Structures are given as C-alpha cells and as structure tokens.
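Listed next: structures, encoded as structure tokens.
Both complexes below contain chain A, partnered by chain B and then by chain C.
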Partner chain A sequence: MSEFLPDPTGPFVSDLFSFPAHLLESQNYATSSGHYVAQLNLLSQTYSGTRTVMGDGSCFYRSFLYGLIMQLADEGNEDERVRIEEYIKGSLATLTSQGYEEMIMEGFQEELLDLLSQIPPSRTSDEINLHNILIHPNGPSQMSTWYCRPLCSSYIKSNPETFKPVLLIDYPSIDSYCKSQIEPSSVESEEISIQAIVSAFGVKVNVEYLDGHDGEKVMRHVFGEGRIEIDMLYRPGHYDLLYRK
Partner chain B sequence: MNRDDIYAMTQKRLRKELKQLEKSDDDTIYLRPIKVGELLRWNALLRGPDGSPYAGGIYGISVNVDSTYPMSPPTIKFLTKIFHPNVNYNTGDICLDILKKEWSPAWSLISACRAVLSLMDDPEASSPLNCDAGNLIRAGDMTAFNAMARMYNVENAREFRFPPKPKPKAEQPQATKKTT
Partner chain C sequence: MSTGAGYGAELLRRQLADLNRNPPDTFSVGLGDDENIYNWELMIMGPESTPYEGGFFKAKLKFPENFPNMPPEMSFTSEMWHPNVYESGKVCISILHPPGTDEHNPQETAEERWRPIIGVEQIVLSVISMLSDPNDESAANLDAAVQWRDDRKGYKRKVRQTVEKSQNDV
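Now for the complex of A and B:
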C-alpha cells in the first residue's frame, strides 16, 4: 500500500492547498486502479483544504500539534488554551512520578510551553507568523512534537485498565510497549497511541480513511471528545490535515 | 532563529547531562567530553561486567553527537578491541537497536552507555557484526566463545584505568541509581 508516498523532506507542514486538487496533482491517484478519485470526490463535499505533513514517522503527532496550536489561537478558545497550558505544566510531575528522568523531560516540556506562549491573542492577525514558528526546523515545534509521545505513554500508564487488555496480547508490559512503539521518534502512531493522545489532551480527532477500497463511501474514525476538533486524512501509512468548507 | 539555535538546544541538554555526571559516583562507567567545554565529542570507560568474559577489563568507547542530538542518537564505537558478536572487531561499530531505530530522546548519553554495557553482558547472536563470535554462540559453544572473548580481554582491555575517585565529603546522601 505504499504506492502513494508522503514527502520525507518537505516542510513540517505545508501551506494550505485546495482539496482535493492538490492531492490529485501531487499523487498518482488518477491513474491508480483503486477508487481513490471517487473517494476524494466524496470527501470534497465536506472538505475544501489540506495541509500535507512531513512523512518522517511523526506525521500524526505533527498534524495533531499543528491543528491544536492553530485552533488555540482562535477567538473563543481562550479557555481551551488555559486548560491545555495547565495540563502541560502539570505533565512533568506526572512523568517524573512514572520514572521518566526530570532532567531530560523538562527540556521538552519547556519547548512546548514556549510554543504555547507564542500563540497570538487572535489568529486572524498573526496566522502566518504562527505557521512559520510551527514549521521552523530549528524552532520549538520539533521537540514539542516529540514531547507528545511521552505524554501519550504517560496517559496509558495512568489508565492501565483501559489499555492493558489490548496491549498485553502483543507486548510483555505497558512499559515495553511505550518504549518500543511510542517513544522512538521514527515509530508511526497507531490506534492505541491516537486514542491515548486525544484523551490526554481532551481533544477530538476525525480521521478520514482514504483506502481506495470502496468508491461509494469513506470510513471516518472518530477519536476522543472535546471542543477542539482536528480533521485528518489518512492514506495508508500517512496522515495529513484537512480543512472543512 | 537560525542554524545555531538547534545547537543551543543540544548544548543545553548536554550541559545538563554533564552536570549530572559530575555528581554521579557510578563506578562502572566514566563518561566525559574529550575536551573541556566541547560537548559534541565524548569518551567513556566501561568496566567489563562481572560474570562476563570481559570481567577485569576496561573498555574505551567513543561517544559522538551532532547538532541534531537528542533527536538523533549518539554514534558509539568501541575503541578497545573486543570479541563480541554485535561489535565489529576492526572498526568497533556496534549493532544495538536503541542506537538506531529504537532511539528516543528519552535516552541520554549515560543510559546509552549503560545499554552498551548490558549488551556486553548479554550478547545478541542473531544479528552479528562479528560472525565468528556469533557462530560460536549460535552453535551453543559457550566455552569456546568465553575463552576467545577472555583472551582478547586480557590482550586488549588492560590499557585504561578509571580515574581515582575524588575523596568523599563527610556523609553524603546515598545516590539512588536510576535506570531509564
């Protein structure tokens, strides 16, 4: 299923492109045998924009953080911004109590708090500036993106009864799952880690599955609950951001 | 922001790691930058684990990072020649998952060194960089493997010494050992 490859070199998150025109142009969907074009047309009834995200194994976390931070800049989301900031401030103590080294984790937490502090009071005035901060290769977003991984592990460790039944089928312990399947920067997220991260942040993520299987419907998976909703497109192996009409 | 900023993050992290090392009284690993104030190139001394054929030897390793650390792993190589299935005898290259695809920035230089030390204690014969060593273990001939490893230990690993410990100040609180 890797015939449509994400870009491992481009910017962390692209400019806003028209959907689905951009994907039709940049990928070979038109000449593919699957029902991709039909599915993209179905999705275009709901979505009109997309941002493509770098394909380096962190695309889900990157899409998540980008979508979240941008929406925290929206007017009316001040409460959410305060809530998320409080959550991040408290996260270090939780991680430390779970055995993570404070000296190491605080460097990442500081970067994410720095990123949150750079959210302008209103997105309308400063959207481009915020976008540039988020995609800067040497800015705070790289370390902040990784920090989502231990936050994800931390949520799983704090709620073992939810995750144990699923995890212990394939992994000897929750700890070994987190160490090998969540924390390494090159490991893609999967349903368990997505479930954990949306619950940890209290945010809703809608994922449209572009799998080419059926030209008459597109599967949508909804993760978590919350006032902030982030829309994503999943093409097997990769996540991008979607924007509604 | 410019190119130096990621380096600033790297420096900040490495300075913290060094500070913690200077407080530690670990007598199995001695890890320091080669040159004072230059934090990208480090060396470490590892005490061969008791009960392994490397016991009694002291192994030098080089630990190098670039300005993408800690997002990418350090490059670690043996300086002392060692007979071990996961170490290339001539180049010192090490095959260890956490130094490659399982690296996460939650590891530090000292915890990476600890992982090398536990690899010495527990060789992984299925992914050999030294086929002779790997074959002996896979054939179940631990006597031969241990004899070879011990011979090279005596021959190569007697060169380095741990630096003398600073005199303990009266009644220091017991440091708790952390495993990451």
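Now for the complex of A and C:
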C-alpha cells in the first residue's frame, strides 16, 4: 500500500486539475524519500492534466469508465459508441450463459445502457453536463462501475486458455479468482483483471507507474488495443486519470 | 432516512417483484408494515429431512442505504436454535460479510463473502442450506454449537420445540 492515500469519500472523479502541480500540492511527495518529484516532472513532458478518482477500491473501473464515456462523446468516435453499446447490449446473454442471474445482471446493465444513452452528440458543448452525470452519487455511474466487474469475470471465463496459466498459480480455479478478486466492490484491479476488462471493451489503457524507484524513468504499462486510449497514473494502491498536453 | 430513490432501491424493487411473480418453493418475501423497500420480511420453510422440517420461520432482511455495495443483515424473528444464529436471531453467514472485514473468521475465504451482484434469493437459499448444514467452525450461538456437536439428540429435541412453536404462531 502507498503512503500517499487517495480520498475514499470524495467525488467519484474530480474536476480537471493541472498536472503535476495538483498532486504535488495535495500529497507529500516533496518530503518523501522516493524519487516521486523527479518522476512527476518527467511525466509532465507528456501530461498536463489530471483528474483524481475516489479511492474506494473501484478506482481503476471508475477511471476506465469515465475516460471511456467522455471519449465516446468526442465527434469522430460515433463508430466506437455504437460498437460499445452493442457490446453492452449483448453482454447480458454472455453473463447469463455463464450462470450469472439474469434479473440481477439486467439491473446493472440497464444503468450502463442509461449512461451510454446520455452521451451528448458533441462533447465540446456538453462536457460539464456529462461530467456531472458521471459523478452523481445516485446516478447510473455507480451501478455501471460495478457492472464492469462481472463483465471482467465473464471475459476471463470466456477465455480460459489465456488466463488459466497465470491464475492457477495462486488460485484454485478461475471461478474462485473472479469471486474473490474481481466481483467484491472493494477489491482493487491488478494486471490480470485490467488485461481482461480492456480486452472485453476493445479499449487501450496506458498506465504510468509512479513508484518512486528511479528518478530517471517511469515505467509505462500498455494494456489492450483499440482506437480509444485512456491514460492513467498508478501510485501504488491507486489509479487516477491523466490528460496529455 | 432514504426515500427509496436511487439504484439500490431499484435493484431491490426489481427482485421483490420477481420473487412475488415466481415464488420459490422454500420461502416467501414481502415488505414490512412500513412498506420500506429496505426492510423485507421473510417466511422460511424448515428444510426437509432436517430437524427444522415443518417449521415456518419468520425472518427480517434489513438492507443498508449503500446496498448493494454492502450486504443486508438477516435476523430470525421466530425463535431459532442453530450454531450460526445468535440468540438475538441475527444470522452469521459468510455471504453476508463484506470481504476483508471479518478477522474473527479466518476460515472464511473471500470467495464466499458479499459481492454486489449477489441476489436476495441466493442469500436466502444460502441461509436455508446453512440450516441443513451448520458450520461449527464459526459459532454464533456457542451453546447450540456445543450441543449440535456433543448431544445431537438434545439438539434435535430443542429444534423440534422451535418448529412446533413456529407452527402455532402461524
């Protein structure tokens, strides 16, 4: 766990802050013994903005969904929006075939379809509106975030040949991994579940690892591939969103 | 107090309607007198081929405001004699424990615990299965647990008394 703890109560996703100034102000990186400040300065060559994400164990899924939905509002991403909507519409059948209870899953799926239906035709004019929908505590975004977890499990269960070799080292079965590491709402994502969720959606996620180890370089892990790319900052134990210059 | 708006209430309404439309064989559900969607009342039939057979046990499910992030609490309101049910009636079962919160219970693996996608029917079926098959490694009622282990005859006699009582209450 990191000594730099995220806010567990705060808005789901914050306003856009300038990077790295906001992180330097809100966290004690400057007085830490790690090479955090040097790494943040390196990253500032590429990124100029950040949104911090609530630290309740779902920050990866929340960052992912926020980054995705915002970009689906971009003009030019109409095809992606249709593709993702089709994927979500079809997801219920896949989940049901894997033994997830249809009536329950439908309750979650409808919230995500509702969220997708609220994407405005143009981001430029309606970005604040969409942001407010995405961070509304009683809006569709909370259930949509949770729905990403069974979607993630379902992708792993549908592709056992990819995941079995890694998972069976530490877990008795794929089902056991999904129940204990993916589906509880408080369990943070790690590389296996990230790989699964980005593949399920057909989206690319770049994660910059702020680990404080080496002031000369920052490790970037790239997950999945797709036209939509979401940039994130990982400070061990927590994910936030990054925005390029 | 919640007004019953929002996604948790909606998920509960959906399940209540479904359980009333397709009633399970082994239990029935409804809302309490206050019609609050977060407070359910149950009637559970004692499972066949167990000492609980023939019983009509009343219970309550109390859902938290942040459901389904956190699980409901379940309590029997009928008298219940069982190793995993506190004398207050509160049920102690893994599926109703959020992950990572129960240090007293290291035997419990994370995969048996609460997840937001667990349905009410699954909860009640787990409790019914617990009636048939007590878990003596995590006793909530120590006397019942000891009796279940060391004096099965006396345990059955005591359970039969609660069954008769539940029948008279109906």
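Quick note on the criterion: the second predicted complex is superposed on the first by the 244 of 245 C-alpha atoms of A that agree within 3 Å, B and C clash if a C-alpha of one lies under 4 Å from a C-alpha of the other, contacts with A are read in each partner's own complex, and residues count from 1 in each chain.
Assume contacts are C-beta pairs under 8 Å (C-beta built on N, C-alpha and C of every residue); 3 or more make two chains touch, one makes a residue touch a chain.
Values in this document were obtained by computation on a predicted structure and should not be read as measured data.
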Partners on chain A (chain B, chain C) - clash or fit: clash
Which of chain B and chain C A:150 touches, first, second, both or neither: both
Partner chain(s) touched by A:176 [first = chain B, second = chain C, both, neither]: second
Contacts of A:32 with chain B and chain C, given as first, second, both or neither: neither
Partner chain(s) touched by A:108 [first = chain B, second = chain C, both, neither]: both
Which of chain B and chain C A:129 touches, first, second, both or neither: neither
Residues on chain A lying within both footprints (that of chain B and that of chain C): 100-101, 103-105, 107-108, 111, 138, 142-143, 146, 149-150, 179-180, 183-186
Residue ranges of chain A touching chain B (in the complex, touch as defined): 100-101, 103-105, 107-108, 111, 136-139, 142-143, 146, 149-150, 179-180, 183-186
Residues of chain B defined as touching chain A within the complex: 1-3, 5-6, 9, 12-13, 16-17, 20, 70-71, 101-106, 108, 178, 180
Residue ranges of chain C in contact with chain A within the complex: 5-7, 10-11, 14-15, 18, 68-69, 98-100, 109-119, 121-122
Parts of chain A lying in touch with chain C, wherever the complex brings them together: 100-101, 103-108, 111, 138, 140, 142-143, 146, 149-150, 175-176, 179-181, 183-187
